[in-house]
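What follows is chain A paired twice: with chain B in the first complex and chain C in the second.
On to the complex of A and B.
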């Protein structure tokens, strides 16, 4: 064997460039939010918590942050329940219906976000069921886009699951419900938690589907930032971004402790 | 559903766990809530959106009138404004897929070959965090970087290398950079598993037979990565062509791609039927990409055996 690194130097350099493309914009947002000047310029004018304080007292961005948080919590709660139930079926039934449904449940993330949002908006408006530009309407949309992630994650965690463990519990006298709760649920709990976190993040950062559905003057955070970005670069928006980045990074770290990231992303 | 029911009944006969029998419990009951929700709020709205695309376009009117016509589609394919937008969308998505592949492959390779578990998880967390963060926030970072008075132009002007700002944003270049930033993690994740599955002994065999390192890569490792390359490119293409927010922010409404046209037709001119027709064209273009992908995937798989 030749004594060489398994990774060629060119690859290391380009990989470094790729990481730069991925992470530099995030670093810039953090820097812009902690910047002392009115505007992030080169060279930066020093650091301060001025804009973080401005965010924490901003009626626009702080309420948008909490609105997004609440929406994501509600969407996560619903999609975790219906998604886990669906995943239990998909993993255990070998029928052709299950094979079909596996594709069916992935459809909302295949359809372009703008088209999905538009179709719901048209549907709400034409049927006049009072959901157009309401919290409930937006919530339904977020449940549609977050459920596929719960279903995929929980199904992945059920793949290696041996049903005979549950049967063993039954044969030792456990009721079906107890056997399920104490055996199956315990084993797939990390998968459910991971699905829950993915759902939360997906909802929290959802923009394209929200475009046609958000309630006027009650914008979720991505929408509020978008509106602000089209006219001016408010450092307050960047400060809000810092909190969003922190939320995502912490969630991803927790997820990586719960499940094998590779298995979920089939990587 | 009938199939599911028979399946559930047959598994009750074979064994006894909760999901099989709990009184009158049937396994397929579990899937009903999600199925019904998706049917009411995904299938029905999507189908009705496609239906109104074939309705006569009346500004400001949303209701389905039933005046069946192909006018909306004829208009899209006869007016340069719209058919050029289709070509532009496809072109940008293809360029983005190529760029994401060129810089994403090496990163995926590095992650796949990093044995140290801590370092590996660290890299995965970096990629996943970047992927999951809200696109608007990432575009904020890019815009501060690439704007006329942004950090790149600021640094170049201050160093005297250029005398006026480079046009890095509010044009096609900016849109491509933005989309590569957004889609890169998807490319990387599609490639890691495939690269990891290529047994190192294959490369070693090529080397021991006299191939240089570069030859072994181009002739052995790269062809074996083809399934991941195709899957990643398809995913990146589909995500790019359907993105609204990146062209809106990075293109400053000057780069007219299909999602921007959809939004304009609905929000500004109130032509719902025409907007819906563009949405149908956008969706069919994505589907066409999936179709081409399957053809290409079948051919590479066939070539390998």
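On to the complex of A and C.
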């Protein structure tokens, strides 16, 4: 006799539909990028690697791709450090300031990206501190937008973290830094790497804020795709999308291999 | 091995004191318990000795060293937490090796001492296991091994048995005490459980509202409580309202329901005033068991409760109730509810305390 499934059929159907809605656009982009025709159409007029080659030989797209990659890498590195420190503070400080800051740190992802981008742009230009439409300015914006994700995942991994573990390490002879490195950091590592993945993906796909802050003629990939579609409607943008999806998938796999992602969600 | 001295140790939080002016000398090799209800300051005291909480004032000395300003890692102490705090990302052997690695011991020495430590706590062959594969009792043994392998000067135990079930708790009580005796390590044990404190300690400090109110051997604490709080916190007692008639040194005469009784007197019990007379139920004798020199009273039996090894009587004297417990031995006299019976006790086993 078959075991009774604990999940009702209705839930399975809804979950299946949701998955389909999530995956279908991705499949369409991939197929559109492999189009043999001249325009971005669906269904594709035959399959070819024509536009993939066009992407790989396009100086605009390739440089945009690597520019986005570097930007996301830098933003991820910075926001991982800042976000982890912030999460540790929020988890351990019982002060009222911490309760206030918890909400404050989430502001960049609560605010519409357009508002954040515009306000940073106005701030940079009116104060004239030399950040408007510079790499540094753009990076600051991406760190603002990505660190809440690190804070959220690291905070989650700190829930239920037993401070006496760190105290045990201290009483066994470890300095505060050694105790943090050998005990706390090791235990919250899954949360940090999950935060890394989120930060990287969010930065790599950041569009609205970038719209106001990107360096002229030095567009990140989402901007480059947008500009290309506005003026040419070529499938090169879709081919670029294939590479963007591939990068995100690969970086997720690598990070989750380094630290088992399952532990984050179990904890 | 070192002695511990706490000098005027105080911790203030906001307006209240968590720990007030504790003065305490714990001898070398002594097993000292801090006993009290939650919130009495016993854990705060322990955490100050460990170095996790900074005292507001006062000093902490371990051996001849003033450690008051030192961080935990420089104090050379071992602490076992209530939840054991086994590092979940390391196996048992790595947990135990943690302190030795920090002390930069050689690889072979570490391996040898880890094996010895595991054997010492009866967990030989457990080195490869992880925390989630260990029972509560095993985790506790690992926590002890991890601490003892570093040969700390003193051992601090913060309610180490409270997370275990009853049977295991009994077993671990004796096991820890034996290990401590064998090693001769100065130990401070924090607990709210009077049984643990009475069974394991050389001396007990009873804490109430941030202060140590009585220090003594388990016997002194149980038999000569100085205040009503100590009496009611440790074991069960009959606490009776009496009037003090006269005082002669350490003895008093008190009036209980019209009967003059002799009792030992605690500090502050003065003639003419009200006091509480404290008698443990196991010291209240009934019928033929009451001796010549015992204080004697007539009481009415209200109820008899059979509890196996013990038979428990509720008795009425005047308007007050007295509980008596007798060992249920062979040929023991039994008394039916409603009968009037002579009860009594040795005056040396009754204490008059300030009401």
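In this text, the second predicted complex is superposed on the first by the 224 of 267 C-alpha atoms of A that agree within 3 Å, B and C clash if a C-alpha of one lies under 4 Å from a C-alpha of the other, contacts with A are read in each partner's own complex, and residues count from 1 in each chain.
Here is the rule we go by: contacts are C-beta pairs under 8 Å (C-beta built on N, C-alpha and C of every residue); 3 or more make two chains touch, one makes a residue touch a chain.
Given the structure is predicted, the values throughout are model-derived calculations rather than measurements.
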Looking only at chain A, is it chain B or chain C that touches more of its residues? B
Is A:186 touching anything from chain B or chain C once the two structures are fitted on A? First, second, both or neither. second
Examine A:167 and indicate which partner it touches, taking first as chain B and second as chain C; both and neither are also allowed. both
Who does A:46 touch here: chain B (first), chain C (second), both, or neither? neither
Can A:216 be said to touch chain B (first), chain C (second), both, or neither? neither
Quick check for you: in the superposed arrangement, does A:103 touch first (chain B), second (chain C), both or neither? neither
Do chain B and chain C touch any of the same residues on chain A, and if so, which? 167, 170, 176
In their shared complex, at which residues does chain C touch chain A? 50-52, 71-73, 75, 77-79, 81-83, 85, 87-89, 98-99, 102-103, 143, 146-147, 150
Going by the contact rule at the top, pick out the chain A residues touching chain C in the complex. 162, 164-165, 167-176, 178, 182-183, 186-187
Over in the complex, which chain B residues touch chain A? Could you list them? 1, 3-4, 6-8, 11, 15-19, 21-22, 27-28, 30-31, 33-35, 37-38, 41-42, 44-46, 48-49, 52, 62-64, 102-104, 106-107, 109-110, 113, 121, 124-130, 132-145, 147, 149-151, 154-155, 158, 180-181, 184-185, 188-193, 200, 204, 207, 213, 217, 238, 241-245, 248-249, 259, 262-263, 266-267, 272, 275-276, 279, 282-283, 286
Considering the complex alone, what residue numbers of chain A touch chain B? 1-2, 4, 6-8, 10-15, 17-19, 21-29, 32, 40-43, 81-83, 85-86, 88-90, 92-98, 101, 104-105, 107-108, 110-116, 118-120, 122-123, 125-126, 140-141, 143-144, 147, 151, 163, 166-167, 170, 176-177, 179-180, 184, 198, 201-202, 204-205, 207-208, 211-212, 221-222, 225-226, 229-230, 233, 237-238, 241, 244-245, 248-249, 251-253, 255-256, 261-262, 265-267
